[in-house]
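By written order: A, B, C, D, E and F. Residues from 1 in each chain.
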């Protein structure tokens, strides 16, 4: 089943990003929310995307800009909370990595 | 000034162990307390001790055994809370890495 | 509220924290037991520092903590039989497969992930 | 309690957490300002995710948060002039030396550690 | 058919993570998703604390939950076991003495089982 | 001359980290160290919650603090700003309505400045 991984913490402080990336399968989606947006330029995020090109990565635009974070990865998509609801129902299940 | 570093969290989950080891100077002391005892066998702890042989490392015996943790490093000393008071006053200052 | 909830959902309780310093492990187990008592198909997963919850020879009472780890034995009573532990997390922590509960299945990262994906709802603690 | 506390102690407030998701940054700043108002020699340190507190172009209000980062400007008023940022933490996070406060000193790991060691009391947030 | 969603909130009221949860509730309401309930567990139970004193120029978490309950009939379920371990109590002599806000329904973990079973999707925040 | 110590407690009452803090206080008393005060800040303020309901077979954090205050005259200072953001209040009409236990002295951060200045050593737990 395709899983939505909601990351809400910084991978520089917490192990949750590593845990998440150990669990992703190709059809899964990663959503960076809140402090999860600090991972936009985390080496592990970039490596994960490089290794699993099919892995979709989204981030909440407002949460990233509030933190002065941005991405130059064209494959990372900026979305809003309305879009998150679409993602929740499009996927079979979800894990929140806080 | 000689500093006492009190580590109370697992370096496998939190970045605090890394932060601490980035800040230690040779005359400092590391004290593993509570979940800090999970670091007894953490590769970074072993490496730090190997690199800075002068660095003193203590751990609360009761906190380690409660967690089924032990060390085979002869240079890591098991102590109790009474000994901690001695360490607090022997050092000039302290940081708690929770 | 009835003890007869009609559902074919599978529930995963994913443990990622060590047992003593936070309430997470106990609150995860409380949730698992309630799901079990309502006859929901529930599985327990342990990864990262969560594996410290299942290793043997711990002694919570020596640090003045009520030993909630003993409550794990109630899982069997509620037919919660799927208990999965991540092998990589054990290895990283220099831990052997010495557990205080029975029926533990140690899985590779891939197997662990696939089992997790097979559940409808995942609560992470 | 008097505003004239006799002491020659130096106080370090060490920030290690990002600004918005926990109260830590704000409570650290509250403490720093009180120490300053009692004319205690106080320094601010930022390392690890704490460096996210000092970078420029943040917009707390856009996520419905009162911008406590603006309160940093009060530090000057209390003669808190030592503001140290860890260079390695900036580099690891792909951040440039673009700060929302003045007088920031970016230090190498070694210098940062030595300054920290020179304080009598260190509170970590 | 209308999509149904349940949320589990585990973050305290003074965190911006809770603001995000509230905003996601609004997004659900605006997008025709039926929110069948919000369950407060772990540190999330502190959201039900009646006497929260947050400065008037900061985000009023409690007011927001109250409005979601009164204006949009979003059911708010408080896990009383988790709440009692964090200083909340509904067993005080009179209703006026309770420190739980009345927008919240005092519940047990059984309510989480119900919500999990009934909602098409569950998200933990 | 007697060594003097001040402690800053930042961990909540349902954490074993707080048990360690209490045990360190006892160790200080047993070793002739003068504990000039314990300051409760950040999530540590929850230790002062009067209505904590912890099962009788679990560690009674509040009872322990009360005894340290009554039997050993250890001063317990509560940071009221941090407390009010976490649901505690001393501004209720009558003393009986307050949800702060009376073993704790309601204080501001100025008390932390005093303790920091007076104690030979300060430890944050």
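For this structure, a couple of remarks:
One rule holds in what follows: a contact is a pair of C-beta atoms (placed from the backbone, for glycine too) under 8 Å apart; a residue touches a chain by one contact, two chains touch by 3 or more.
As the structure is a prediction and not an experimental result, all values here were calculated from the model.
Shared contacts of chain A and chain E, meaning chains that touch the two of them, come down to C, D. When the C-beta contacts at D-E and at B-D are tallied, the pair with the greater total is B-D.
Note on chain placement: the centre of chain D and the centre of chain F lie 26 Å apart, centres being C-alpha means.
With centres set at the average Cα position, the gap from chain A to chain F is 40 Å.
Residue positions 14, 16-17, 20, 23, 85, 122, 124 of chain F are each in touch with at least two other chains. In chain C, the residues touching two or more other chains are 16, 20-21, 23, 48-49, 63, 65, 121, 124.
In chain A, the positions touching at least two other chains are 8, 12-13, 15, 34, 63, 93-94, 96, 98. Pairwise chain contacts present here: A-B, A-C, A-D, A-E, B-C, B-D, B-F, C-E, C-F, D-E, D-F, E-F [touch as defined]. Per the touch definition, chain E reaches chain A in the complex via residues 3, 5, 10-11, 16-17, 20, 23-24, 26-28, 30-31, 33, 120-125.
Of all residues in chain F, only 8, 41-42, 81-82, 85, 108-114, 116-117, 122, 124 touch chain D in the complex they form.
The residues of chain B lying in touch with chain C in their complex are 8-10, 12-13, 34-35, 38, 41, 62-63, 65-68.
Chain D meets chain A in the complex at residues 16-18, 20-21, 48-49, 52, 55-60, 62-63, 65, 92-94.
On the side of chain B, the complex with chain A involves touching residues 12-15.
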